Amino acid sequence: MKESVGVHILLKKAAGILTAMVLVASLVAGCGNQPNASQAGTSKSTAEKVDVSSLKSSDNQPLIQPGADIKPPQRPADPSQLPKTDIGHWYDMEWAGWNVNKVNIPKSPANGAKGKTIILIEPGEHPYFTAYTNGAQKVAIAYGMNLKVMTGDWSVAQQTQQVKEAITQRPDMIIIPPVAGDVAESLFKQINQAGIPFIASNLLPNNAAMKYALEWTGPDDWGQMKLLADKFAELMHNTGDYAIVRHMPGASPYYSRTWGVEDELLKVAPNMKVLDAQTGKLDATVVQQLVSGWLTKYGTKLKGLVLDGDSAEVIGAQQALKNANRSDVVIVAAGNSKVGMDAIKSGFLAAETYQTAEGDGALPVYEAAQWFEGKTIPPVRYLPQKIITKDNVNQFLPAQW
Amino acid sequence: MLKTGRNGKISSMVNRYRIVWLCIITFLVMSIFAPHFFNLYNFTTILETMCLNAVVAIGFTIVIIMGKLDLSIGSNLTLGAMFVIGFEPHFGWTISLLIAVISGGIVGLVNGLLVAKAKIDSFIVTLGTMTIVQGIVYLYANGGALYTKDTGLGGWLQQSFIPLFPPIVLISVIIILVFEGILTFTRYGRGFYILGGNKETAWLAGLKTDQYLIQGFTISGMTAALAGALFAITLNSALPDLGVSSTMQVIAATIIGGASMAGGEGSVVKSMVAVLTLVILYNGLTLLGAGNSIQILFSGLILAVVVLQESFSLYQRNKLRGQRVELLKEFSLKR
Amino acid sequence: MKTVLEMKQVSKKFPGTYAVKTIDFDVFAGEVHALLGENGAGKSTLMKVIAGYFNDYTGEILVNGKTVQLHSPAMAKANGIQMIYQELSLAKPISIAENLLAGRLPTKGTWLLDRKTLIHESKKLLGRVGLGHIDPLVAVEEISQSEAELVEIAKALGNNPSILVMDEPTSALSKEEVDRLFGIINVLKKQGIGIVYISHHLPEISKIADRVTVMRDGEKVATKDITDVTTEALVEMMIGRAAGEMYRKRSSSIKEDVKLEVKKLSRRGFFHNIDFHVRRGEILGICGLSGAGRSELARSLVGIDPIDGGEIHLDGTEIQFRSMNRALAYGLAYLSESRKEQGLALRLSVGENILSASISRYSPKDGKEIVKKLIKDLQVNPAEDHRMIATLSGGNQQKVLLAKWMATEPKVLILDEPTRGVDIGSKMVIHQAVMEMANRGYSVILITSDLPELAGLSDRVIIMRNGHFIGEIDRVDCTEEELLLAANGKGEYVNAIRESR
Amino acid sequence: MQSANLDELKKDSRSLELNTLSLWISKLGIFIVVGIFLIVGPLVSAKFYTLANLTTILQTVAILGIVAVGVAFVTYSGHYADLSVPSVMAFAGIITVATLHYGIAISLLLGILAGLSIGIINGFVVGVYKANPIIWTLAVEYVLNGLMRWIWGANQIYPDLHGNNGRAASSFVNLARQYVGPIPLVFILLFCAVIIGQLILSKTRFGRRLKVVGSSAEVAKFSGINVPLTIGIAFLISAFAASIGGIFLTSLVKLGVYSNGTGYDFNAVTAVVVGGVSLAGGRGNIVGVLGGTLLLGILVNVLNLIGVSQLYQTIVEGVIFIIVVGVNQKSLRKLGRDDA
């Protein structure tokens, strides 16, 4: 085959054209696939009140539910002095945002929600957040608001960049579920100083960060874990030792889903002792090795298991328990994915907390709409807390993610 | 760059400064198409975002020039971030910054010793230290995040006294230019190129090859830790998994920038321009509304195209190696 | 004559044996002192001691009368000792200038690089070896092999050494380039530099050397002036027994039938319109300078490189092949030029190397047998097939390489520099084996720049120059002078008409 | 010159005597370390040798073992490692789940074919164009990961247990939980992979060609070996093993998502290198890779039993990894088998 000497230069041109083509293609692809296309509001005129109570999440639960009106207890004198096993020690983390004086909060335009643009900065791609965005989209459409979504890659570096990019676009409102609670403060400060109102959501940031936000909405992780602990104590008849599979180090559930349970149990069932608490790194294999290690080490002394999540953790625990053919262990978990709901139905999982992902996404958009209409919104608003067990699991099917 | 193409043809000019063309093309495309792109605030954001990976790329490029590989840059970056925030309350910024950079240097030193003295492949050594340092970082704040009360320095770093160049960008660019100067214009710097080009030549020229290896890896550890520390200061906080995604991004950028894995070729400035290109691409795509998946897709495509173009042209050049020009003329005469 | 370098009772021990034992060796200023000996005679070890490779040698070394320690290349260089290596030691991706002045780049101030002086000085050095026209900032990977050899020599000259050690400097150079090198050496001699010259080319040594030292098995046999010693005496000293006539003409058993015929074979830019044939049992030599396209022709004959035209006929029928293993199946084998890069895989054992070209030919059992047989036939020493090839001497490695290609039972075996850098003893064994193969009906094509070998072994020689076939010497007893003339395009065997077409 | 008198040529003076310790290390290699931990195990916890504990150890590393056997071929061919393994695993898993409605057999086949297509691309670019394997497979990892996230987004693709093809879905889901007699299917697959891999490497012609290519690609080219094809097959085997591993992993976690294979690239390299396959190529064997994989499983188990926190474990794993590789490399050099 005849190779002309020119092929070398030809290839260089090809590489140049290919790269340029790839970049132009991004324009077309870019606009197309994100479900952010703001359909022109089909909603009625701005004045008319929008009824969202009819909206349903895919597990046919009402999308916007009145959260339990939980009031924070009195703040102990100096929480850091209290031992970790006393719930007061975690007061600032648990009740972040309640008693903090807001700073430089913009005034509401009070001219209705219709036509407003909201930018949602998702921390990263995960099935929970796909459902979260669906919920947010439903409410945005109902109010005729334009919701643009940016997705990160679970890294602080990426979210920092996206916050700045969101500010560049000068939206009317930003909704931001932070990648990490403790690191959120400098991001919130930037949005606040740019004069853009924003609502924090889903992950509890630290107390100091809350003074910049209009409001924080999301699950009361500490509260629902206490509920789960009460159910766990009831199922264990307040006796027997247990172990906890912890969340990823660095994220705030790392604390809430460990100490929330442990401190509550110390109060409710003092003679239930925690044998060990280790991170499962949200990985089925690591959880299996961890649980199997506990079963070998503690044998029948280990009566109960608390899991920080219900997908990879449930699968790992199932494998380990099957190998040790132990079916006497009472297992409870947080958050309700499809795998977890199946495990409840099959009886492997005794109970788990209900956390509506779509509701988690819908709530801040709803609150934004109220704010646009000039209503006052509370500093913190929780999602409803429910415990799913074998008998009420069917109400919550099919699972949202 | 201390090297010219033999034939001086445009093609070797284009090839040598390929990354600059790529950067300009990306910038133009994004300025035309991406909304809200063309404004001062966004440009400052782009430059600030570039700093983290560009400073990490300094040390990594030096290691690539030596013909080796350093996978531990992600963990060193996190180490720097955690130590600077962790030690600040006790010692203040300057000393904690020093501690962070020195601890990164120590990890680099260990890498260098294992590669130079124990003669273990650098891919393996740095894979091992990556896991170890990641463990240390988690252990340091027993899994938690760290944050500092004194947010003064962080604010100052991002204050744009000069438009477009806040202090963090100035510091990063200056460090990069200093290293580029050392690598191109000093005898010490040229040693890295000769070591990467041919280890025996360096040894026979009397260069202390083991010293260069150890110093190269130590610099890589220090610049990674410095980058992490500066980033953490702007954030006033640090997380144990801060540097996870940086490792691969820096490797991709350095190769796209023109460094070659075989050693003896690469420049710190070109790696910075490559990081800038990728950041412009990501920024533009985000403003166009494209999700994170498309950004990963594009950085992969660009890396693939660069690797393909380079290996294909090398493949062609080897085919024609040794061709005698006068015979070519004669051959075409006959047809 | 001032002694520039003197070694007294120098020895160097390797685990288990003495590589070099109690050597006295001296070099005068302005003298070329040749160092001769078989591989494994300790010649290269002695040379490395001088170059500062080892820090554990015993005995005393004096440079210009002063005792010195040569424990690292830097120390050797400091004492004015410069090495020129057989395998090139240039860094390919780096500019020529930086290679030339490696380790001592000129600086302005303490460490800032002085670019102007760098370019100026490297241009001067390149001028001394006739490469003045090349831009010193060009990368070494973009210049040709022979240019790189001359850059290597320029680099050594750069440190204005008082002692220059040259290890086989002419092995890859053509006749013209060798003459230019000898010119440079004579200039250096006049400048009073003492040169240690290591080579296997005996005719070369008689042309350039003033004194010669012969080593055998780690010990010095004798040091003689070149004038009062003959080539035969040298060979006898080297192998320690009667050299006999180096190349005994074998009774030619050439059969009439043509084994391989090539018509109008060409590859754009490498060789054009090559016609020749080889008969069964015949050894056809190809004579030509380096760069004449002989190796490229061989590579195309066995399918490593493609061809752009012409036909190849084996046993009368035309054969086509696009890959080397198709060619091997037809029985065309090629013993390649460089043993280290292309010939033997250093991390394989002797047995694995021997079978590496005929993997699909032998079952494991037959494989073992053929390896044993070939190790015996070629007297590979040590004769253990599981032994690592890296631990064998150069000569024995070359025998293993020949065994590798004999294992493929080729109809036509092409040999490219089969005995370069190989000691006399191994060279004999290889020649013996090649002649036996020819007697048994194999056809052999011999490409070599070792003219005595070419003249001695070939039954017929074709001549190539600049990619063209320019003539043929159809006489068994052709001499080196005729070959040399023909390779340079002169002499009666070259018919000018063909070349000008 | 009679050939006779050449015989008394003195024996080559540079013979190296082999010291027995390094001979043993290179022979047994990793199994010595595995043995040490098997002794330490019971000291740490009496119930180390219970069936449950051992099954868990093997089960948690079975999939990694299968993938490592594939990657071992790439390392053995002298091309470092295949960094596209995580995406290939996820891709094969997603395709299998997405095509379950055609029935389990066809969907498995399609899943494997999807993985193999990536292997063909890798094999072609690295084999023919000699692209740097680390950078090229890294680029493929990025592109494939980006593609999967763009097409399937982050929503998990569930095997639809209750839909019309529930049977295919349920048989898929318990693929990873299947038992053949007392032994889990995934063990059998691991041991088959190791045995077949070892046979391919040591007994077949391809294996011998791969050894020459691994030691020196240039020498292989000049020995008539089709080097691009041999390298291509090595990448194909890696992709094949990754696809099977990916399908089993997807079956284990009951859902297909782009992030399924995360972490398997470096863990596989760890198992391969600790198992004695040297990065320089042409050395080591597949049985060693099994040893390396088992070591990783036992190590984590012993550390859990001792009660070492997860945070410390990564440090211990890293330190042991470097020590084993260092000892391995030193013993090879002492045997004069390695010119490193």
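Things worth noting here:
Here the chain labels run A, B, C and D in written order, and each chain numbers its own residues starting at 1.
We take it that contacts are C-beta pairs under 8 Å (C-beta built on N, C-alpha and C of every residue); 3 or more make two chains touch, one makes a residue touch a chain.
As the structure is a prediction and not an experimental result, all values here were calculated from the model.
Two chain pairs, B-C and A-D, are weighed by contacting C-beta pairs, with B-C ahead.
A centroid comparison over C-alpha atoms places A as the chain most distant from chain C. As a whole-number value, the distance joining the C-alpha centres of chain C and chain D reads 43 Å. Per-chain Cα centroids separate chain A from chain D by 36 Å.
Look at where the CA atoms of chain A average out and do the same for chain B: the two points lie 34 Å apart.
Shown for chain A are the residues that touch two or more other chains, namely 29, 33, 125, 249, 279.
Each of residues 138, 142-143, 291-294, 296, 298, 301, 308, 312, 320 in chain B touches at least two other chains.
Counting only residues that touch two or more partner chains, chain C has none. Interfaces, counted as pairs of touching chains, are A-B, A-D, B-C, B-D, C-D. Residues of chain B that touch chain C in their complex: 2-6, 184-188, 190, 193-194, 196-198, 200-207, 260, 262-265, 320, 322-328, 330-331. The touching residues of chain C, when paired with chain B in their complex, are 72-74, 77, 83, 85, 89-95, 98-99, 102-105, 107, 111-113, 115, 135, 137-139, 142-144, 266, 268-272, 291, 293, 296, 466-467.
If you check the complex, the residues on chain D that touch chain C are 1, 3, 5-7, 9-17, 205, 208-209, 211-212, 215-216, 218-226, 280, 282-283, 335-339. Per the touch definition, chain D reaches chain A in the complex via residues 45, 47-48, 50-53, 55-56, 59-60, 149-150, 153-156, 158, 161, 177, 252-255, 257-258, 263, 300-301, 304-305, 307, 309-311. Of all residues in chain D, only 80-81, 125, 128-132, 134-136, 138-150, 153, 266, 269-270, 273, 279-280, 311-319, 321-322, 325-326, 329-330, 333, 340 touch chain B in the complex they form.
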